[in-house]
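In what follows, structures are represented as structure tokens.
Here subunit A shows up in two complexes: once beside subunit B, once beside subunit C.
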Partner chain A sequence: MQLKRKKINIQIIVKIWITINRITKRVLYYFIMVFVSISLLFPVIYMFANSFMGEKEIQKNYGALMTVNDSKKAEPEYMSFKLIPDPVSFMQYYKALLRSPKFLQMFWNSCLLTLPILLGQLIVSTLAAFAFSKFKFPLRNVIFFMFIIVMMMPFQVSLVPNYIILKKLNLLGGYLSVILPGTFSTFGVFLLRQFMISIPDELCEAAKVDGASSMRIFLNIILPQCKGALASLAILVFIDNWNMVEQPLIFLKDQAMYPLSIFLSAINGNELGIAFACGLIYMIPAVLIFLYGEKYLVEGIKLSGMK
Partner chain B sequence: MKIKTKEALTGYAFASPIIAGFTVFFLVPFIISIFYCFTEGIGTLKFVGLKNFNSLLHSSSFLLAVKNTFEFNIVCVPLIMAISLLFAVMLNKKLKGITYFRSFFILPLVIPVASVILVWNIMFDQYGALNKLLVFFHITPVEWMRSRWSFWILVIVYIWKNCGYNVILFLAGLNSIPKDFYEAAYIDGAGKFACLKAITIPLLAPTGFFVFIISIINSFKVFREAYLLAGKYPYKDMYMLQHFMNNNFYNLSYQRLTTAAALMALFILLLVLALFKFEANNGRSLDKGAIKKKKNQHSNNS
Partner chain C sequence: METEQNTDKRKILKRVILVFIAIMILLTFFSKTINDILLPEVEYTTFSNQSLEKEIDTTGEIKPVDIKKINAWRDMKIKEVKVKEGDKVTKGIILALTDTDDMLLKVKSMEFEVKKAQDEIENFKNQFKSNVETEKNNKNQWLVKDLEEAQKSYDEAKLLYENGLDSYKRVETCLEELETIKKKISDEKESEENEKRNQEDYERTLSEKMSELQLKIYELDDFKKNCNDNGEIKSEFDGVINQALIEKGSTCNSGQPLFEVVSKDSKYKLEWKLNSAKAQILKEGDTVDLTITNDKEESFESNIDKKNYVVNEGLYLFTSFINDKNIKTKTGQVDLNIALKSKEYPMVVPNSCIFNAGDKNMIFVLKEKDGVMGEEQFVKSVNVKILDSNDSSTAISGNIAENDNIVSFASKALVDNAKVKLR
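Entry: the complex of A and B
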């Protein structure tokens, strides 16, 4: 009898110990994850919080950022992380959106560069991906291999060649000098080909037997199945080009044509007061896409990693 | 034969826009630039043989840039792969709220660099917030951007930005491993670490291969952050090959730039060829072999 009771006691203790162990593990897990998440989100939260500060507060907090290079102060004033604005002010947004025509112009410039590239690349790469996944032609694999290599190269490698060609074609300085090379980026072909390969060839064969032309097959069979992949590509291309800095800096001659990314990276003392709001507004399209298109973004990334 | 030619022609027709664009904006210019590597002066071309290569290989700034770029890759790529694999394993569970955590990993990917560069600046400035923290704890402040730390700042920014991409790829890879492998191993009495060693890592090798390539590609893109943080002439530890090329472009030394670009392109080409060769030889057999081994073990035991 006693032996039995002892056994039960031990069982209960072991059970409790296991539960405690599990709970500690879980708590530790969530603790790590929350910590990592906060550090990942920190820059965004920081921009958001600071965008509601008044100009005086910004100058007081971050004035050192601009004056450091001018003179060596005897007693440096350090900047501090400040997350809670005091008082909350919409001054930055008001100034950026209504009092600073330059800002809106540059936001528009960003759109003027990104949207044509997006549209162009979608059209060009769907057509090409169809060819590379469903037709056999001489040099097909060689060309595709070149596409992949070019895709991997940093922008600076093709800087001079691009510059020379754009000059020859008399495009230098205009928006087309950024838009055209961007349109013919080979990433889209690579990504969509990955997807189109998974569409069974039998579908195309059957349509061909029924007398459909290649264009019909493309429009009626392939395209409807590619909707998701196209959305993924669109998101990836948008993010990549919205982020663009080097190309416009080099190929555009007129500063009035620069996109917002360049403006933001070269912000100086006078504009520091609106910098946070500008940065945040610039983020908004990307964040919206993330919120509504996260599924497609994830699919696109997965697709890029498939073989 | 006729059908074949027709198919080829249709294929070319659909591919013609990209082939034309690719030829005009990448292929032809690239051939021209290779031509420049062996000549002197853009206006009047004079053949000089390997002189450009020779002077480049003796230029200290080029060697510094090559050294830093290599160093950055050697440090960053294994580091980001380990970190993202760790988080992918941690996120590959069915727990409450886990989808939010996954989303937070992806967010830095979509945030434009230019928007958050201000935050990095405030953090790492000589009189920045991080130094204030150090002073508060009575530690001597560090000149983050003017010391060895600048290299590590670049590493941190790179990992912050690119970790999510790799986590997604690893997660997809982890999901493609059949669950019954783990069950079989569990029945056999294998621990968590043994599972990781015998099942997860070998079966994840193909994904790992791709993540490796993507990490290298993305490491070239970190120039944008470096450029926005520290401008054209950063501290010597941050000076990458792209800085070298970019600066030579502005100094109009096109020969040096194209020569450096050709060398870099050649290196990437060889790297990719070697990787694919390696993958074709080892990768496939590795993962098929692993599956077979597991299956055999399983059937032997049951």
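Entry: the complex of A and C
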């Protein structure tokens, strides 16, 4: 009887210990996750909060930052750091949306550059990936290996060759000079190839036996199964090209053709409030696209084996 | 359940995306219009090569330079004044009439004084002659005769005594007589000297009285001569009455000024006073354009001849001569505009072009660039040095090109690189 009671006590202690241990781990886990989340989200929160501050408040908080190049004024050691506007002001949005037609023009420039690149990449990448995954031809693996090498190189490496080629083709200065190099991306090919490999070859062979051509197989069998991968590629390509700065700066001559990403970098230091507002507006399309295709993005990346 | 949630989320997101796109399209449509409406409107000009004219508005007074005075030549009482200020007069014209009764009374009085003085002199002469001259001549003759006889008696008595014919007592008696006469003659000589001195006194007194008489005669003659005017005060030269210093019924002493007459050929001068701030613009020798306004406006060019500081007023007094004979305004207070031309400056802009930023002066130069929304105008600030200025223009130096358009008007405050639109 005593032994049985002793055994029960030990079991209770072990259970409590396990419970405490589990709770501690979970608390620690959540604490780290919350901390990381806040750290990652902080720039966005900070930008959001400051975009609703008035001009005077911005000047008060970041005046020292704006006059940092003025040798007559001493640079302070610390600057004000506020997250709550006092009072809330929509003046920066008014200035960005109604007093800066340049901002809106550049927004549409961004759309004009990003959407064709997105469309082009989807077409080119799916076709290339289909070839790499379902056709057998000499040096297939070598060529694909070169694709991977190119993908691993920073894109700035290809800027100069691209520039020379575009100049030779007399395309420099137009929208095509940005769209064409952007259309041919190795990353999209890699992503979709990885996804298409997972599609059983038997399906394609069965279609062939039924008399389907390669294009028919591509359109009717492969593509419908690649929806997730295509969506994730579309989101990634959109975000990547929505934020491009170097290509338009180098390939475009006319400022009227610059995308919004360049507008942000060119905002005067004295217009910090407008920069916050413009940054937030600039972020909205990317966030909306991400939220809309979040499910596909996760699925696509998961199925393509990139995870 | 999860699929339904996803579907709802995607529906909402779709709507948000559409709304976002719609808003962006709408804002794009209106933003340039709104922005253009709210842009500062500017006007521009270019600099020019010209001199600066500094203008000062004040009041001045025109005064004649050659003013002659007509003084009273006797005491007089004014019966009537025939002229007033500004009247043109010619030589001999009657300016005023005096009361002649007083004048005649004065003549009689002066004649009486002369007569009285003449009588006094006559009496003085007669008195001196009757008392001295006759008596003195007789006395001298008798004394000489007595002396001769006494000397003769003494000589005879002495001779007789030496011959023993007479006594020594007789000699002593004759000698005493002779000494007595000699003493009398000596006294007489002394008396003569006294008389001589008296004569000199007489002659001096007489001379004084004669001079006094002569003076009175002169005064009388002069008065009579002046009284030949029949009580009329006449102009002695051609000119214009500047000031009448007498009025009906007033009395004047001899020498007192009666009229100020501006000579016919007199020049005119313009005087004005300025405080230190304005006075520093002008200096002696400067050539200025003067515009005087009285009943009408007249302009002429002149030099500043004098610049003096009036200590008790704390003002500077400027004088310029009016050499232009066409100027009709001759005297009195006038509204005055003084315009001074400076040397030629290569860059002169309107004052409205100059903007102050602390201790620096700047102008805004209008520039154009190809912007996202087409051709855009913006302003670029350029620091300038002010060389000279007047009420309307400023001479500057700075890094400005000949064809630069300089902002001369802005509907709003401008900053460097601010976008603007032309008015």
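The rule is short, and it goes like this: the second predicted complex is superposed on the first by the 263 of 307 C-alpha atoms of A that agree within 3 Å, B and C clash if a C-alpha of one lies under 4 Å from a C-alpha of the other, contacts with A are read in each partner's own complex, and residues count from 1 in each chain.
In this text, contacts are C-beta pairs under 8 Å (C-beta built on N, C-alpha and C of every residue); 3 or more make two chains touch, one makes a residue touch a chain.
Since we're looking at a predicted model, the values are computed, not measured.
Visitor: After aligning the two structures on subunit A, examine subunit B and subunit C and state clash or fit.
Guide: fit
Visitor: Of the two partners subunit B and subunit C, indicate the one touching more residues belonging to subunit A.
Guide: Looking at subunit A, the partner in contact with more of its residues is B.
Visitor: Is A:F137 touching the first partner subunit B, the second partner subunit C, both, or neither of them?
Guide: Touch partner of A:F137: subunit B, not subunit C.
Visitor: Between subunit B (first) and subunit C (second), which does A:I267 come into contact with in this model arrangement: first, second, both, or neither?
Guide: Once the two structures are laid over each other on A, A:I267 reaches subunit B alone.
Visitor: A:P43 contacts which: subunit B (first), subunit C (second), both, neither?
Guide: The first partner, subunit B, only.
Visitor: For the superposed arrangement, tell me the lowest C-alpha distance between subunit B and subunit C in Å.
Guide: Scanning every C-alpha pair, the shortest subunit B to subunit C distance is 14 Å.
Visitor: Can you pull the subunit A residues that subunit B and subunit C both touch?
Guide: none
Visitor: Under the touch definition given earlier, write down the residues of subunit A that touch subunit C in their complex.
Guide: Where subunit A meets subunit C, its residues are 97-109, 254-256, 258, 268, 284-285, 288, 291-292, 295.
Visitor: Which stretch or stretches of subunit C touch subunit A in the complex?
Guide: Against subunit A, subunit C makes touches at 6, 9-10, 13-14, 16-17, 20, 24, 27-28, 30-32, 34-35, 38, 370-374, 417.
Visitor: Under the stated contact criterion, what part of subunit A meets subunit B in this complex?
Guide: Subunit A residues touching subunit B: 26, 29-30, 32-33, 36-37, 40-44, 46-47, 62, 64-65, 68, 76-81, 123-125, 127-128, 130-132, 134-138, 140, 143, 146-165, 169, 180-181, 183-184, 186, 189, 214, 218, 239, 242-243, 245-246, 250, 260-262, 264-265, 267, 275-276, 279-280, 282-283, 286-287, 289-290, 294, 297-298, 301-302, 304-305, 307.
Visitor: Along subunit B, where are the residues that touch subunit A in the complex?
Guide: Its residues touching subunit A are 4, 7-15, 17-19, 21-22, 24-30, 32-33, 36, 87, 90, 95, 97, 100-101, 103-122, 125-129, 131-132, 135, 160, 163, 165, 168-169, 172-173, 206-207, 210-211, 213-214, 216-217, 220-221, 223-224, 227-228, 241-242, 245-246, 249, 254, 257-258, 261, 264-265, 268-269, 272.
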